[in-house]
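Chain nomenclature is as follows: A, B, C and D, assigned in order of appearance, with residue numbering initiated at 1 for each chain independently.
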Amino acid sequence: MAKVGIVLLVGVILVATFAPFLATQPPQEQNLEDSNIPPAGLTYSSEEIAFVDGERQTVTNTVQGSLDHPLGTNQLGQDIYSRTLYGARTSLAVGVLGTVIALLSGVTVGLIAGFYGGRVDDGLMRFADIMLAFPALVLAIALIGLLGPRTLEIPDPFVAAGLADGMPETFTLPLTVTLVVALVNWVWFARIARGEALTVREKNYVKASRSLGASNRRLMLKHVLPNSLTPIIVLATIQVAVIILLESSLSFLGFSGTNLSWGFDINQGRDLLATSWWISTVPGLAIVLAVIGINLVGDWLRDALDPDIGGERGGM
Amino acid sequence: MRLTRFFIRRTLQGILVIWGVVTIVFLLRFITPGSPIDFVAPIDASPELRQSLAENLGLDKPIYQQYGEYIFNLIQGDMGYSFQRGLPASEIIFRRLPATLELAIAATVVAITFSIPLGVISATRRNEPVDYVSTGFSLVGISTPNFWLGIMLILVVGVQVEFLPTSRRIIGFGGALELLVTEQNFLGLRVWLSHIILPAVTLGTYFTALIVRLTRSGMLEELGKSYVEASRAKGLPETLVTYKHVLRNTMIPIITVLGLQLGTLIGGAVITESVFDWPGLGTLVIESIRQRDWPVIQGAIIVIGLGFVVINVIVDALYAYLNPRVELE
Amino acid sequence: MAEESDDMNRRGFLQYAGATGAAVTSFALAGCSGGEEDLEDDEDGSDGEDGSDGSDGEDGSDGEDGSDGSDGSDGEDGEDGEDGSDEPFEITMTQRQDPTTLDPHDHRETTTDNVILHAYEGILWRGPDGGIIESLATEWEQLAPDRHKFTIREGVEFHDGTELSPSDCAFSVRRVVDPEVGDLESPQRDQLAGIVDAEVVEDENAIIVHSDGVNPLVFQEIASYCSVVSEEWINNTASEDIATSMNGTGPYQLTNYTEGESAVFERYDNYWGEMPDATQVEIIAASEDSTRVGQLESGETDIVSAVPPADAGRIEGSEDLYIANKGSTRILFLPMRYDVEPFSSVEFRQAMNYAIDLDQIISEILSGFGQPTAQPTLPSFFGHNPDLDPYPYDPEQAEQLVEESGHAGAEIQIEYPAGRYLLNDEIVQAAAGFIDDLENVTCEAVSRDFGTLAGELLDGDITTQPPFYNIGWGNTTFDASQTMLPWLTEGTSQTHYVSEEMEQLMSDQASEADADTREQLLQDANQLAHEDAVWVFLNQEFLVYGINERIEWEPRPDEFFLAQGMERSE
Amino acid sequence: MSEPILRISDLSTRFFTKSGQVNAVESLSVSIDEGEIFGIVGESGSGKSVLARSIIGLIESPGQITGGKIEYRNAPLADEFRDAHPDAVNGDYVDLRSLPEEAVRSLRGPSFSMIFQDPESSFNPTLTVGEQIAEAVEVQRRASSNPRSTKARTSSSEYSLGSYAYGAVMPNRSFVSSKSKDRAIELLQQVGIPDPEERVDEYPHEYSGGMLQRAMIAQALAGEPDILIADEPTTALDVTIQAQVLNLLREIQDETGMTVLLITHNLGVIARMCDRVGVMYAGEVVERGTLSDIFDTPVHPYTKGLLGSIPDLDTTGGRLQPIDGNVPSLMDEEMGDRCYFADRCPKAMEQCLEEPDDASVDGGTDHEVKCVLAQTEYDESQALGDSHFGGGDT
């Protein structure tokens, strides 16, 4: 199973990286005349209303999918295949970056709490409790609603190098979303790091180093951090999956800064579910596959490294 | 005595958490661009109308003063008036609460009913086809965003099969029950059930999958312990070993995990409610955030926070009860 | 009983379930309040239950017929069944949002009005074409530029049995315009802009409404806003109860209200006017388009508002449903700030209008449910300029204008409030796509939370406003000034365009008493807005309803969605 | 002399692991007489514990008993199964391997019971000691009160999810009757636990290690077994406690007359407790006989090696390392048909490269050795050099 996971994960990473080469057309390029085309091989007919000289008429409209748009098009005639490829970039970028930020801040807080103990620990952990009492999604929605959807335009190196002409020149990173998902998920890292720090602190060699006058910072970096690494790596893997799910929920609810995101596309297709079901279905499958891949790799790491991370899974 | 001390201690901690939550909400309020008055006042309101509306809601006072007054009123159980709805925030919240509770409980029931047997079967028949099916299901379950699952259920069940209603809570559980008791009429219950099934499945799937995974791995770990062999050696039937000993010990850590995952449940409820137009706290919170209806946002988050605190006290108590090596502290 | 009816078809089941559900909730409430009304509710509850047996059988034999629902309700009232004229006719309506309150003066949403206006009425009212018609006032005249007289109808009863008096009408006006009256800071104050007071005419069944100087809009305003409440009832009722119960003069009386879930009305037998067909009305809400359509298709509801155009064909094609549409009073547009580059250039603003293929947007995205606009004012409004045509789709012209404006290579974005208007996400994304197709401009659509976007518009500070965004504007006064004043003149919160010429035109029309001259001024202002390309003009929104064949209804342009206009099909 | 109560012949137990097949018990034959204490001694990894678990039917995947018979003499049982499982029954003997799993399970408790090495991990930490002993009593009580005993003991309806759910809420009231609990108190008393009425409601972590081992013995006695298998019963205990526990075992054996199969790596324990002894090496019993056969006239070089390094009862933790080198890997592909001890044996000869037969020493049946030396004298000219085994890890 681990192999399947690695294949899926590597696949998603490759797709996200080389989206400009794999896409058949720019993801934002629209063509209203080619809207709502089903995936290749499917034919879809629906009754539509047309106005002829202001008179309403019902016409039956039959559309056939073709390889021009292998996964069909949405209501703007955008190519769903290309959009899904680019959506992987957003998900992965937010997932990884959000996890890294959560990890750095969470581990720092956790180590400080665990190592200094006493009041510092009490204060920081009560704060962590408060964060846990806030449902992450609610907090994220509030923060994004409040901070506004800031974004960061990152130039696409392939397009800049002239290797993929016509594709978007920049990639839009939803900055607020990234920060917010990190902000609501750092607690899990803090709890792990604190636990490890508490255990290591009591070990004799640490006590000895301490009595020899080693500084706390040095002790933390030299003894505690290496020991905590295994569970943190496993947790980080799982967190990438959790954050991808959270990001998709947020863009589904319309709290995002980019419209190249799987959640966004799912929401776009929601009102056309009865007619053009593929608009929501395809990006949803993409999320499921990507997250399955990451979870499988996480399981594999967990089995291989066998850390004790208990219930620290985080969530939406 | 110890029990009393435990509860006093936890109550104080709970109050601290709630206070922290309120404070953070006010901090958020402070840094939020735009005033709630933009949402109260009509889009073409004159400056005077805006001003007098603001005064009316107490929004003209400095934020620390609003904060102080809010805390003062909260202690007396008053959450203030909704900016948008002309009703006390608490009344709006408590009217919506049953819908969310029903959904959360139904989802939990779904999760527990399916997950524990699946997890047990998976662990006791490791590497058999049934285990592959169950681990496969749980992997997909924890990897599927629940809003998409909801949409797919609507697509498949609602639009294509037209089997279950995909929205609306026609009748509350209380009403259905009352109808049953007073009129011996099962229809209310049936209608309630038919409406709650899809949302409950949507919300419950992630937890089903999560508990299956936890149960399976926990049981496998537990099954490797010597006491299991000892129990078999003394002649206990396998079912007794599995359920009374192994599963029970497996559940002890799982209960803690589930307590921690309550936030996920509530987050999931928010989005499930939004997909199914379920008139609960989740949709209320989203609406209120969109309208900057702070008294309702604050109230709802306090209620959620309270739920979190209470559930976790219960979890800790249960943990200590089930695990004799742990003492309440 | 219920358990044995497994052969009952889904439609019938849901119809019945809906009816019973309502009965059950009222029944549950009866337990806590007590009193005469509750006794009735109680009976309803058990009636509904009895009805199930009857309707089950009938449903089984009737099959998929759309009239199952009414059959079901036949069964509910066994004794009345023989009396053909009084046959119950129950309808369920689904709109986009639940009401936020039931206080008629404490809100500004059409969705709330859609509930409230079943029970409350205004002093004047509007006919289906938007013209002013009588309501609680039978006659109205202007006594002086600042004094308007309304003769109040006699023999009208509030639902609590008290008689309507002119003082109730005057009180209602004052409750809106004067924060001291009725303990309410009404957000509707600006809807009655210019009206300052109202008083009862001694010894006459009439009131006089005072305005602040010349006000050409008093009758328009009174016809659109200000529901009449009972002074006594308001003064003796707690504000929580005003927000959750109703006491009006309208054709329907509220029997049950569950905040956030449903409002149930029954026909009010002592109504002064023409009795509507529907005997019971339930109003529910579903914000998701697909949910509303699903409810209609499954028979859970009889009529839904805001049908997505993509589903319209299917609904029209299905046997027992049909589509009704009407141009609304709402326009969709993209304001551009006159004080920031590149939008400070009129050429650039015009280029944006030329760049967009509005016809294709309307035909492909809206399936034709929309009308292109050329000016801020709709054809049915006072002040509309009939000589203006929408900007044609001409990308070359657009590119050239961009060139001339000196802003070639501009990178811009359109911020839009996600899901706020009918398909506005898609429309704005398509518009951004067209602009992006220009050789010398790149454009992107950015989704925003309506809350934050509105905050930026309304804070009175133009610098926080996005340079280029999407908004919709409904104007139910049918007068051009109510659109142009707030958007195109200085000093209002959402100003984004200022020109001396426009200021002059708008201030002239405001003090112009002569209708023809005023119309000319407004037409000139529209022309100016068109030529100066103050916005990217998009479409007039259409109201699209999906209706069960058993109901006959012609939609109103003002978005009101009321059972009193709905008739039983033959 | 009476017929043996347990007759194991050609027993092979293998583990099919990912890295290969492990032959933990290989063609092992041994008989145990009723009422005796039979000792199995060997280094760790020699397959002693696998043998014990094979007998009691607790070999789990990936392990499997692949051949041989485990015949248990029990006349009523043989009668009960004669019709249903004719293959399994041979006179008064029942072959446990030919019985269905359910039936074997039903024998745990009344026929076989087991004491484990580490008492602390062998009790469920979340239930009281009394509950755990009493449930063993309860299972037997219910089984014997029902004539269709096998069924009753194994039917799962009694322990369904519902009763589990109840048990989760009221763990001490769900299953065990007060009679069984009284019996548990009796048993605790019998094994010398002071204040059994109070201790019965204590949890394992409240007991000391020695107490807990006593409690485990009480638990093993709950079903009044014919055969008690004690797998390293004293290894995890303090030295002083070890003696007490051994004495207790002895006393109980005297009282009840049950058969004890004592598995240990400690020859001191064997010497103190056993009537007869089997020496295990690499999955085989290489030598067996009476206590004096083994201690006074050992034949197998391995036995001699063991005896040369007898640790006394005072040294607890020390693992037996009687002879240079390690217990050989039991991986199938690395084993051949030869004497497995040959590569460590100081007296290995050419003929040791063939599989030795069991041979009686002095022509008697009691003392048997699996070594060519039983019949031949050591011949130095035939000696095998180290080179023969490619160095290995010696």
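Here is the rule we use: a contact is a pair of C-beta atoms (placed from the backbone, for glycine too) under 8 Å apart; a residue touches a chain by one contact, two chains touch by 3 or more.
These figures come from a predicted structure and were not determined experimentally.
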**OP:** Give me the ID of the chain with the smallest distance between its Cα centroid and the all-protein Cα centroid.
**Re:** B
Original post:
What whole-number Å value describes the gap between the mean CA coordinates of chain B and chain D?
Top reply: 52
Original post:
Could you state the distance in Å from the CA-based centre of chain A to that of chain D?
Top reply: 55
Original post:
Hey, how far is the Cα centre of chain C from the one of chain D, in Å?
Top reply: 85
Subject >> Chain centre separation in whole Å, for chain C relative to chain A (CA means) >> reply: 39
Subject >> Set of chain A residues in contact with two or more other chains >> reply: 145-146, 148, 270, 273-274
Original post:
Can you list the chain B residues in contact with two or more other chains?
Top reply: 33, 154, 159, 289-290
Subject >> Touching two or more other chains - residue numbers and ranges from chain C >> reply: 288, 290, 294, 449, 451-452
Original post:
Every pair of chains that touch: which are they?
Top reply: A-B, A-C, B-C, B-D
Original post:
What does chain A use to touch chain C in their complex?
Top reply: 28-30, 32-33, 35-36, 46-51, 56, 58-59, 61, 75-77, 144-146, 148-149, 151, 254-257, 259, 264, 268, 270-276
**OP:** Using the touch definition up top, name the residues of chain B that touch chain C in the complex.
**Re:** 33-35, 38-47, 49-50, 52-53, 56, 84-88, 91-92, 95-96, 154, 158-159, 162, 165-172, 174-176, 178-179, 183, 185-188, 190-191, 194, 275-277, 279, 283-284, 289-292
Subject >> chain B partner contacts - residues on chain C that touch it in the complex >> reply: 1-3, 10, 14, 16-18, 20-21, 24-25, 27-28, 31, 45-46, 49, 52, 98, 100-101, 103, 106, 108, 179, 185, 187-191, 193, 239-240, 242-244, 258-261, 284-288, 290-291, 294-295, 298, 300, 449-452, 454-460, 464, 486, 492-494
Subject >> chain B to chain D touching residues, read off their complex >> reply: 116-117, 126, 225-227, 229-240, 243-245, 247-249, 251-252, 322-325
Original post:
Of all residues in chain B, which touch chain A in the complex?
Top reply: 13, 16-18, 20-21, 24, 28, 31-33, 139-140, 142-148, 151-152, 154-155, 159, 210, 214, 253-254, 256-258, 260-261, 263-264, 266-268, 270-271, 274, 285-286, 289-290, 297, 301, 304-305, 308-309
